């Protein structure tokens, strides 16, 4: 559960740090013993919720850690402290684009970290390409990642596409069905937004191919707050598996509604929000067995260390999907700088071809994309762990049927 | 299926109606179209969660106690912010002024909420138990909201219709210019109306916190929903708002169950716009 | 004299990109965009006092038209179609809503952006089959700036022309008293509709021109209600009844917001809120009128 | 043919009939008084003629052309101008602009210098010509009334509807006002005036029509109407207000 007071404190401190760091940003580039890193993310507006979980805390944590170790190591073994230039894009792509122009042409920062969101990352991609900065887009889920990686050759796409997650889920469900644990009926709902539509479009043919029958398949508008009608329809559909391609308000609302009405499908799958640290609190401590998008290696020590560090620095653990990947992308950047320095072309080449040790294990990009991803996770014994793909190192066995609420 | 729609719809409608009661009072009596209404409800929701997590205070206690707090806040707001506007202008100019001023208030409260509570989604689990009525399971916390709505709304309707105080409120609501002629202190009555509206907004917000996920930037959604209901019920018409809220719940549930969940919001807006265009006095008002 | 000053000033502004940095150009684009939006908004809402919160409904629609058509036709053609779409939308909306008075019109316009967003979402999902479109148009930031500058000049020029025309007089009368307007022989509906359509067409075009900078559009991104709010406050801040009022409101506020988002991101909404309240209380007719009032007061004192 | 004919004009508000089958007519150049106790439907009738309210049934004809169902601006354009019982000026406009609008949007559709000339002439007739550029918001009550009349005159109307234009004036102003209306009438303008001030009615109107409870109860020469028992009863029945 979020501790509101603690959060407020963390927020003000972070704000003070950011403000202080900005004051010095103007002449920072002149100094040789620092490197300036800039980013523009949503600190206010509708995107602030997403950025506030997956992006901003990780950026701040990483900078804190690196500077705590004396700075980023350069190829010659020297270390440079990181100075941060942080802007608020107010959840508007127009403001975001301008902020990137500002970082690149006014502040002349050494590196630019990406914003939160698919649309935001796409909006800045042409600019980043024009200025030559490498762009490690994490919080951008798009099936067109291969196209984009080819279009802007210094862009890297780290979180896959809707199709990956949809087929990953179908694989997990197909195994359970083949084992006779669940029937072949699926009730699916999707949020009427780019993300939800991408996923359901990927899932429909995948379900069909695997021999599943979609007995309930509806989308609901962004902003829906009441799920009683949808959930009672899903319950009446006779499906053993409930699948929601949803955003946090929907994921949370459906969980509560299912609990209240005693809807106990054998598989209960939700999307964004399911891997958030506040989820078990929302599920009234009964999160075990709930599946959701994403996941981390539950057996990995580095993941555990990362979670502890995040909790200590921010006040709450990270989410178990995009956060770890975000942090890993920063570690990649750090290691790439250590190998080739700050030249953008060399950095991009190294990111593209190199192999990196990160919290999520050894990472090697394929065609500028991270393909070795957790697609399905599940709450098991109070932790959210990756269960699919089943052949991925550290994959836990899915618990199906889910224990009743 | 009919029973399901009826019960789910009424429960949902109850939460909607509760949300709209305060707004209709504020505009009906105080003539202030308060666009910061949703932020006021949000503030109450955050207070409930903070009290529960920080001090272990039972949400139900907060729901009971936040009304009076809201009344005081509303009274202050009216005196400091709205009264000068009312004193300066009336009619259409007041409408525009109050909309712009409360717009400012909207951002102000939102900014403070962001600063204090952060941008993240907030959600608690409280009384998420199911209760079965005629074979349909509904969440207890939503049922409580419906109960509060029926009790408070019913009491308001009766009080407005039968008491001296209610008569004064109605007199000011109908003809603010001639109310002083019969010895009514219009400013006082308007302040009471605005404060009462704020109290209801706070109560509704605290109730919302029990069953819904919310974040600091989501207040406008509540304002929009309340506005739709207020317009449907007829501005200033408490009974109308109650009926319209329940009706909207039924319609949304019907559309989600029988037609397509994707069209629930579209249906809401369609009804809203049709009422605005053809019966701006509301579904239940006189022509 | 002004027939010399204005073209020269415009030419100078048009030449700025040759010396400005990318960021300065970005700032200019933003500034000119809001000058256009606020001026176009004031074209209708200034004299009539019909406060419209529907700016983003048109601005966003313009962007969406570009997103839908950028792969199938040439850019100038798209702009023409955008203007047509904006005018048609405004005609439909105007015909049905301009008889609503005061608060009802405000509420309606508040809901309109949301309605259009819902309709486009529904259309994209059910007819087009997916949500989110890409704009890959070969237009540079300079190109966008020049187009927006031209649109701003047209908007202000058109406002000046309207102010001196029958339409302008009719709108001012309507803003003061619709009953008198009608009894003076002013066809209320036609006059309001004309101004509304002109204003909305410009807003739609502004969205179309600005959109290539976004690359990817989705209803939630495009129909950002903040655009409507900022437009209103900028126009009112400068003075919606004056030719240069909206522009003079837009530029300082835009720069102030830019400064805040860099230095005090967390207090930006608080500042915006305080500004709204301050304008309503201190400058009900805009800063320009406020300054004039002060000056007049001083003159009278000294006289 | 009469210039303006009111034919069975009827207005119902829900169950209440405010104007009930009223018929009368005005000849070219005539000045006719419309009398009746408060609430008898006089202003409603003026509103029906000027198009401020739509008729429930009945018709008005100007020069034989039906005005029923027309909007206020169309009726104004056809040549009917009016003043309002509660004076309505446009405070944010100058006197010149206040008056010019009817010249611009009235029957003649003047523009540019012609509109200004028409407006100046109208302002001159009511004695406000020297203050043409002042803001209308700064005027005294009597000057606001004058301004409103000037606005009606600048429309160069065929029929002028005056709704208690003389109410609220002091004796000196009243004498001026009566003289002004007489002058307008003598210049050939057709006038229908609602008036409570009997002194003015006697001085200006050879003929009156009288309404009570929405119906027409008298249409005759002023002297005989004021002695008509029906009319007296109507006024006495409502003596508190009359």
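The chains carry the letters A, B, C and D, assigned in the order they are written, with residues numbered from 1 in each.
The rule is simple: a contact is a pair of C-beta atoms (placed from the backbone, for glycine too) under 8 Å apart; a residue touches a chain by one contact, two chains touch by 3 or more.
All values derive from a computational prediction rather than experimental measurement.
By the document's definition of touch, common neighbours of subunit A and subunit C comprise B. Of all the chains, the one whose CA centre sits at the greatest distance from that of subunit D is A. In whole angstrom, the spacing between the mean C-alpha positions of subunit B and subunit C is 31.
If you average the CA atoms of subunit A and of subunit D, the two centres end up 74 Å from each other. Taking each chain's centre as the average of its CA atoms, subunit A and subunit B sit 36 Å apart.
Rounded to whole angstrom, the centroid-to-centroid distance between subunit B and subunit D, based on C-alpha atoms, equals 47 Å. Counting only residues that touch two or more partner chains, subunit D has none. Across the assembly, subunit B contributes residues 111, 114-115, 262, 265-266 that each touch 2 or more other chains. Under the contact definition stated at the top, the residues of subunit C that touch 2 or more other chains are 118, 122, 125, 266, 268-269.
Shown here, the protein chains touch in an arrangement that is not a line, ring, star or fully connected set.
Contacts between chains, counted with the stated touch criterion, involve the pairs A-B, A-C, B-C, C-D.
Listed in rising order, the residues of subunit B touching subunit A in the complex are 4-5, 8, 11-12, 15, 46, 49-50, 53-54, 111, 114-125, 128-130, 136-142, 211-217, 221, 252-253, 256-257, 260-262, 264-266. Across the complex, subunit C meets subunit B through its residues 49, 51, 96-97, 100-104, 106-108, 110-111, 114-115, 118-119, 122, 125-126, 225, 229, 232-233, 236, 266-281, 284.
By the touch criterion stated above, subunit C contacts subunit A in their complex at residues 21-27, 29-30, 33, 118, 121-122, 125, 129-132, 134, 141, 210, 213-218, 220-221, 224, 226-227, 258, 261-266, 268-269. Those residues of subunit B that touch subunit C in the shared complex are 27, 33, 35, 81, 84-85, 88, 91-93, 95-97, 99-101, 103-112, 114-115, 220, 224, 227-228, 231, 262-263, 265-266, 269, 272-273, 276-277, 280. Subunit A contributes residues 11, 15, 18-19, 22, 43-46, 86-95, 97-99, 101-102, 104-106, 118-119, 122-123, 125-126, 131, 192-194, 197-198, 201, 219, 221-222 to its touches with subunit C in the complex.
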